[in-house]
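Note that chain A is present in both complexes that follow, paired respectively with chain B and with chain C.
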Partner chain A sequence: MKYLDEYRDPAMAHDLIERIKDLSASINRKTRFMEVCGSHTVAIYKAGIKSLFPNLDLISGPGCPVCVTSSRDIDQIIRLAELPGIIVATFGDMIRVPGTTSSLQDEISRGAKVSVVYSPLDALEIARENQAKKVVFLAVGFETTAPTIAATILQAEREGVRNFSILSYHKLIPPAMKALLAEDEVRIDGFLCPGHVSAIIGSTPYEFIPKEYHIPAVIAGFEPLDILQALFMLLMQIKENRPAVEIQYSRVVRPEGNPGAMKKLWQVFQPADATWRGLGVIPESGLVLRQEFAHYDASLQFDLSVEERADPPGCQCGQVLKGLQRPTDCPLFGRVCNPQQPIGPCMVSSEGSCAAAYKYGRS
Partner chain B sequence: MEEKRILLAHGSGGRMSRELIERYLVRQFENPMLSLLNDQAVFPAPAQRLAFTTDSYVIDPIFFPGGDIGRLAVCGTVNDLAMSGAVPLYLSCSLIIEEGFLFSDLERILCSMKEACEEAKVQVVTGDTKVVNRGGLDKIFINTSGVGALADDNLMICGHRAQVGDKILVSGFLGDHEIAVLSQRKNLEFITEIRSDSAPLNLVVEPIIQQGLGQSLHAMRDPTRGGLATVLNEIASQSGVGLVIEEALIPIRDEVKGACEIMGFDPLYLANEGKLVAFVEGKKAHEVLSVMRDTKYGQDAQIIGEVVAEPKGVVYLRTSIGGTRILDMLATEQLPRIC
Partner chain C sequence: MCIAVPCQIVAIHDSTAIVEVGGVRKEAWLDLLTEAKVGDYVIVHAGYAIQKVDAENAEQTLRLLREMLEREGDNQ
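Let's turn to the complex of A and B:
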């Protein structure tokens, strides 16, 4: 099949696998690579790549936007859903994320109005069709989704839609990588950088990784051959001791990214400090609406004050997101925490590292 | 002219009910037992061992490429019978209809049920019709139950009987039904050539038994909701065996793979309505495969893996690039109404 089977070709994969094994053996130590994109996490598990290389330690970082949303933010969302006259519009995987006492799913069963949408433009459509209600879109995602949400805000402004707003829980990937590397206990020999985020932001924002930390970084695609090739490129950089940012996913990612999308993003949003589950507050790692679009900011329109509560006891999502623990190291994993009844957010989203480990990795 | 619609009175048990039953149901499903208009069907036992099953059909939308709720309601129940090796004979048909439902749609559904019955060589011998208030349900729900005869006393097809050394066969391309149905959904509409595979599987099973290969069939199941992955896990755990599946051998159409890529689905979890998975004695597997491939609904059958001793209850998938991972049950994905 065009553009699918080509990147799953068994003969080419076999060749690459052998070359990776040889290269990995010649480096003579166990290397630890982190992916910071949930789609990579799933792709690696799904293709069975972990099983191929005992010498490579492939760990998952904070790559799932749902998983890094703090429980306080989830509690705010629940608070919002409880208010009368509100329709919450959201991507589907937010529905089941547990806050400290409830989830959107629980609120739906109590009568909250929640619509699952596939695009923020659908949320705008719901606002047009329900003039008497206030429609709030949960803007959860990385740099990949932010431009389309910015475009939706611009569209709402053009049309004068006033019963539409967003809660921005956007997160930015490079600041999180910087925060991870700044932690002493975190040891990473290379980054598999996210393909779709990079399609928007380009390769420049990762330059600090080789420059300041002397660690290789490769922007990778999502098919088995993409990932194998990216692993090969990472190992090659280590072998030749020339850390750099390289683009494996060159059929999609340009060094300059997508300037048009970035322009829209910065037209509507500005950077702000954000709380990441497990990582805490990271400076300038989130997005808030600029002053001129503040009337689309649901957090300014509604009283969403919630009590501060601790994350669920025993849950190791924070350690897992930093790559300090494997999902299977968590005492709750598979015992009381599973995809049917998730305790922590890493088990909720299908791209969460715990959910992926549960689905593909148990033995 | 305003189209004729089902009224509450059509389910009242009175004259209008009678009219609906006689004009529509009895006429479509015409057979001596049903035409008696008794409250039950009476028939002589067709064999010592019988198979009996029931299923309800609530699919949305009710018409989709390659089928409709009527064809599904016949094939689904026929298939549940056929998976035991039974020859399906008699069906019941209960309709629960929303007030205001179009007669023309009802006729279309009954007509397709009749065609499916003829194809599967089964008869609807008893039934019931209810009408509920508008909004009481979504358009129409159908329940069918079925009785089948196990003519051969040596047939022992059961989810507990998969054995080490058995080969695992699937009867054709997977995922067509769910993709065809999803392609029609509001908010998800996309253009596809894929049609539902809804089909009576007794047409695949009976020739295998007629060729004297019935005893080599150890376990059989049709992978409906939850797809291939779910059936494999069920059998692995019921039979207390391990399974190894070769990803590259699983038949999936390029269009289905493509739609899955776009929507983020895994084709191994997609529902089918005209496919079966069979666990067949190793040395007879190729014979069974070739009989299957000679049938209308088994042309694209494949051997996709085999049964191993350990680890018990676990399904392993050897990926097309040579890696290994487990293939788990569907955990929680919100399933829309697909059957």
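Let's turn to the complex of A and C:
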């Protein structure tokens, strides 16, 4: 397929791997790079890149939107599903995430109405078809997803659909990177920045990384050659001591991102503090609906108050999301916790580090 | 949630495109990429086209990468 096969060329990959090995060996210490995108996590495991380089430590960060959703938010979602007259519309990954006492899947077996959708527009369609019900879409995702939900809300407004609303659990990536860098225990020598978040926000929001923390950041694509080239670019920056934001995935990411999509995003949402699993509250790292669109805010329409409870006992998702532990370091990994019976969200989502480590079997 | 696979636009009606990838056709909304044209390759996320794939840039990146690897090969 076009734009895929040429980025999987085995001969070029082989040459690049050799170059990366030489380059990383010439830097006199072990280098730690973090990817902050679930699709990168999966791509890295799948291509077997994780364990290729003895001098490179590739760690996963908080790049899976479902995984970073807090236990309290999951409990709120369960609470919503229990209410009469509600249809919950969601991306598939949310269905099996365990809350404190149940999951959406458990609620379905108790009679809750939950629809898995591929696009927020499908949720709007369900609202049009079920006028007597209230359809609530679970808005989980990063900057790639937020504009699609903003556009759907603008569409709902144009059509005057009133039985549609959202729970906004959106998260923003650059504030999370900033919070990670500010933590003393986390050591990162460079970031592999998410390709499709950057397709929307562009490269400028990452400028603080080289400026304030003097480490490189490279926006990467998702094919094996993309990731290898991005690793090479990160190492070159370290070798030549010139930390900067560079775009490897330049066939899709422009420095200015997608200004039209950003305009829609900010027309509908405004930044707000948000709670991340493992990372706690990060200032201005979430999105809430602006006052003009408050009638689409399900959290204002329904009583979703839940008790504050801890994350599942023994689950190391929080540490995994910060890159402080590998999935295989978790005592529950593979035995008690597996994709059939997940304990934490990192084992549920197809983009979660634990699910990827389990599926591709490499640490 | 994210399909990283570039899809080609084969038709556009109002703000909806028909895109094709690997012989499969589906709809993609163009509200976030109003400048997209028939023939363009686009990235589709949650039903919306979010960015165009720049054909010239794609070729150039690969060419530069190939040149770099060859150059290094000669040095060894």
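Here is the rule we use: the second predicted complex is superposed on the first by the 360 of 363 C-alpha atoms of A that agree within 3 Å, B and C clash if a C-alpha of one lies under 4 Å from a C-alpha of the other, contacts with A are read in each partner's own complex, and residues count from 1 in each chain.
Please note the rule applied: a residue touches a chain if its C-beta (ideal position, glycine included) is under 8 Å from a C-beta of that chain, and two chains touch if they have at least 3 such contacts.
Here the structure is a predicted model, which means the values were calculated and not measured.
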If you tally the residues of chain A touched by each partner, is the higher count for chain B or for chain C? C
For A:K359 in the superposed arrangement: first (chain B), second (chain C), both or neither? first
According to the stated criteria, A:A261 is in contact with first (chain B), second (chain C), both, or neither; which is it? second
Return first, second, both or neither, reflecting whether A:Y118 touches chain B, chain C, both chains, or no partner chain. both
With the two complexes superposed on chain A, say which partner A:P224 touches: chain B (first), chain C (second), both, or neither. first
For A:L181, using the defined touch cut-off, is the partner it touches chain B, chain C, both, or neither? Pick first, second, both or neither. neither
Mind working out whether A:F91 is in touch with chain B, chain C, both or neither, as first, second, both or neither? second
State whether A:A199 touches chain B only (first), chain C only (second), both chains, or neither. second
Which parts of chain A are in contact with chain B and also with chain C? 1, 4, 118, 122, 225
For a test of understanding, state which residues of chain C touch chain A in their complex under the given definition. 1-2, 4-6, 8, 21-22, 29, 31-34, 41, 43, 45-48, 50-55, 57-58, 61-62, 65-66, 69, 72-73
Touching residues of chain A toward chain C in the complex: what are they? 1-4, 6-7, 12, 15-16, 19, 39, 65, 91, 93, 118-122, 141, 144-145, 147-149, 151, 154-155, 195-196, 199-200, 221-222, 225, 229, 248, 250-254, 258, 260-261, 264, 351
Under the touch definition given earlier, write down the residues of chain B that touch chain A in their complex. 187-188, 248, 254, 257-258, 261, 264, 266, 311, 314, 317-326, 328, 331-334
Residues of chain A defined as touching chain B within the complex: 1, 4, 8, 10, 13-14, 17, 45-52, 92, 96, 117-118, 122, 224-225, 228, 338-340, 350, 355, 358-363
